[in-house]
């Protein structure tokens, strides 16, 4: 069982917050991560910014632009991670080209595959898992191999449109957790839990049976009730990103305290939902 | 994923999971309708390209250029296609395919507006609702094309992120697609993006070389020694090359935008060119593995060209592959040479070419000695859209070939 | 003067004595080269119109319009000719003829710039020095066309007399011709002027109906009930009618510009329309006896139309004659109806028509019930040149069909 | 012999000045005509302005515009002519459409031809001849007939390009005088007498033989020497227009005096030239 899977197992309704590393700078990110963990985050998803974030909505796009404008790079990202000493596994979310491109010439020349240098460096820095939203399972063989070699989880996104043999394949390949996309579209905080979310939860229940990897639902989660509804329907946790990124954009230096509060709120929701789907009713 | 989603190492499908079913569905439709002509799709496509699009386009012997270069120069006149460029070949093909697939809504990205206008025309012709994403910077500098899209009843969605140009518009269109994938088809504007787009767009554009190959045999009695075509994303390029790839004696030149310099400014994240095949490195952009302009970290850099249509940091994966296989020779000419070639063709042949196409003509000018006796140059579009740019850029330089525009000075009223 | 210099009472040669030998020489060349194909002139003309000009142009079945009007509407797509209008048919024919005649210099007048750009293109293509006369008012309001002429290496001579518009430019070109008649050919832009121009220009444009007649028989299996074409000077009109004149069952509609009103303001010497065939009277203008817009003294009045290309106080003598003979029905639609028709075709068929052509489409809209089951409408040119005018004029009116252009408001940077 | 022919016969080197009627108004025109005659004009050519003067150069075009802007019409023109009481025949120069269009509906309905009403009215007002620069001899049958009926001369222009049978035809049809166009182009004062002028003079000599109608050379005549050169070569007179129109544009109310001086100068030249081509040498 990987760090990430262990964190889910212990969480009893896990909270996986996302923030963009380097928004607005590396020191701030460290504070933010500590606050999230203090608030109850079980796993932290850290975005390594890429110039063409096609899977992200406007909130996270803007965070990425702020981070890039302030000089964030893959190298600095890994330094930041290595520096962070928190009690939660860190998962890196980024786009494939940065993974593909990482490393100096010599390292790359000696690598088994173009993606090995990044995975090696990430593992060394303390990254427990990777989420690459523009890498479908069909193109992931090289990265899967490198992740296996370095003990890094590779998280896949299951979309509302993912079905049949592709879904099967993904569940077989996924480690760490499965990121269940609650609705079509891109990341971004929404006011409600969409119908698609309920369908997704339904689908989780269906495929849950034969697979042990945890499932976390994301895309649009921003309120306690969302989180509760999601875990109540059988998910092992929730992913929430835009809501935290919005807080950072709004509160600047004061963000950590707000992040902690929001994390606590969502964590409570996730936990509460779990108790509804489990035999023993228990409230925080 | 079908086996030919790759061209050697290039190509593939690097898209958000939500889009995978859509591109699989599209791959399936591509095979049935385009490759197998199911329900007579290709027949209808060809008929509409004839009646609505104005195909076939001529292959014209260029008398003055031929005399000047002592080489038989033939111009493939894609500037005569409805809308003024080869772009309609693809746009009409895709909108028609979307109709066959039962889609109810068309979206597309556009930079300078050429692909957007072509898509809007095709959608209007086929009575399909259509929305075009365009960066706000581009909207402001390409107003006539925005008007044309609106006139053709397309909605134009301003994209405010980033610098408000093509890259951002593509990303935004992908987001729309990821949200509305069930009833919406995304008409990509070149041989880029995830499989099956590069194959499909090539096949729609291949009519260029299908016609040209037949025409040159009729006019010159033989195949050409070389085919020269500009390359941005590479759709007119692959269209002009496709039916000559198997003819080993025909050299294929993809002419990229050399911009103002071939160097990359890593510090600023800017390449003052769009010479992806020549100076780019392998990477993954907008759904495919291909050559791209990136810094050493893998961040995409801003490209540049005097011609908006070539100004793109990526290139079609099949072209990357054909270059790697030495079947296609990548070359480039800079802004100045393209501008001069624009004036040259306008003056000596009575054809005002697009600035994109002027790159191919600029390369012809520079390399005519080495191209052989019979050369086909693809004039991918007309230059009416470029008048403002050409005047401005000509004014900045001291070009011998440029006509003076003094006459306005005397006549202000 | 050959016997068919007249069409009934119309036509003739009312020019300064100095030009008489030139038009006699031209009449002779017309008979030999155009009518008798001496030295293969017509073969070369047709070949160049194919390879350089993009002929044949399609005859397109207009699906949405046909459904809307419950009439089979076919569009003759002259907008696809190189340069964007039927004008090149004539310009190329005349420049080539001048070459056969051993002339060394081309001059032409232009108003909105359509004929000027066509002539400049043709002259550049055939490597003939070319000068275009254009009023200063027109130069200032038609800058893109001035640029195009300059790019094609034509000299543009500003005409400062009078109001600086088309009439003055014609007079000035006649003066140049009268001065340099020995080595110079004057390329008149429509079926107007002294014999042999009306016949010759018609014959060069007749390719429109030659193609259309064959195409409609193939597509509809029969001749049309009606052919509808706009009429300024009447060259696209005579081109679209010529091969149908002998088909008695085919009704021919010449659609003139009704402008803002059919009345003439004698006091101001202004007709807010260009409906010469409908409201004009017999007179002599620019070399021919024909219908003209004049006051009771015989002074020519200023005409008006939203479309610059129809804005002319005269009309081809052959049209005057065919109207008198009841073979051609003169009709007209005003600025508003034309503008709506512009938007309608742009939105529903993906074709942005010239404002001139929009008059023919406007008449189709108004009279479709009476035109029969199969109608051919000549789309004489494309509307890219008219974008500015259309936006301005649309803004002034409250047109239901017009798209809003609000999006610019949000995106100023 | 018509009035015009008689004037030439008496002139011994005739001067035929042209001005535009109504430039700037009718009263001024009367003064101008009187001044020209006082200066020695033998025949006066009065322009009836037409909106599209294709045979005129810029000087006369502008005079025409001034005249039209000030309200000149064919009717007012004829009134002006009827009012004028000078000792020289008046020739009307205008374009064919005005001739073609003249007359009220009733007059036109009863006329023999469309041009008859104008000729009748012109003759009645005192016009002795017509010059219609856009009416070639081939199209002139109707006008020729009307002129014959009303005893009005019809003057044709012979251009440098006029040759052979057309020239023959024109000489046969011409009455009053033949207007020999000195060079290609349009009206307008020039600094020199062009080579074409000399060729034209040469051609005059050639066709002179068989025809008795006087020949006057025009287009570009503005100096005494021009006039002298022209009559010396055998012409019966000179036509000069733009030089007078320029004077009117420049001097306004003071123009008559300058017109008189210029007329005198040119008349002297014309006369001097005649003496060189005639047996008896005589100088003014």
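Every chain is named by a letter (A, B, C and D) in the order it is written, and numbering of its residues begins at 1.
As a convention for this text, a contact is a pair of C-beta atoms (placed from the backbone, for glycine too) under 8 Å apart; a residue touches a chain by one contact, two chains touch by 3 or more.
Just so it is clear, the model here is predicted, and its values are computed rather than measured.
Visitor: Can you list every chain in contact with both chain C and chain D?
Guide: Chains in contact with chain C as well as chain D: not a single one.
Visitor: Which contact partners do chain B and chain D have in common?
Guide: Touching chain B as well as chain D, we find C.
Visitor: Sort the other chains by how far their Cα centres are from that of chain B and give me the top one.
Guide: Computed centres place D farthest from chain B.
Visitor: How many angstrom lie between the centres of chain A and chain D, each centre taken as the mean Cα position?
Guide: Chain centroid spacing, chain A to chain D, equals 98 Å.
Visitor: Provide the C-alpha centroid distance between chain A and chain C, rounded to the nearest whole angstrom.
Guide: Distance between chain centres: 66 Å.
Visitor: Please report how many Å separate the Cα centroid of chain B from that of chain C, as a whole number.
Guide: Comparing mean C-alpha positions, chain C is 34 Å from chain B.
Visitor: Just the number, please: Cα centre separation of chain A and chain B in whole Å.
Guide: 38
Visitor: By residue number and range, which residues of chain B touch two or more other chains?
Guide: Residues of chain B touching two or more partner chains: there are none.
Visitor: Using the touch definition from the top, which residues of chain D touch two or more other chains?
Guide: As it turns out, chain D has no residue touching two or more other chains.
Visitor: Which stretch or stretches of chain C touch chain D in the complex?
Guide: 1, 12-22, 161-162, 167, 170-171, 174-175, 178-182, 269, 282-287, 292, 294, 296-300
Visitor: Enumerate the contact residues on chain D facing chain C in the complex.
Guide: Answer in residue numbers: 50-55, 57-58, 61-62, 65, 68, 73-75, 95-98, 100-102, 114, 133-136, 138-139, 156-163, 166, 181, 184-186.
Visitor: Can you tell me which positions in chain C touch chain B when the two form their complex?
Guide: Spelled out, the residues of chain C in touch with chain B are 50-52, 54, 57-61, 63-64, 77, 79-80, 82, 84, 120-127, 136-137, 139-140, 143-144, 146-148, 150-153, 156, 158, 160, 164, 343, 346-352, 384, 387, 390-391, 403-405, 407-408, 410-413.
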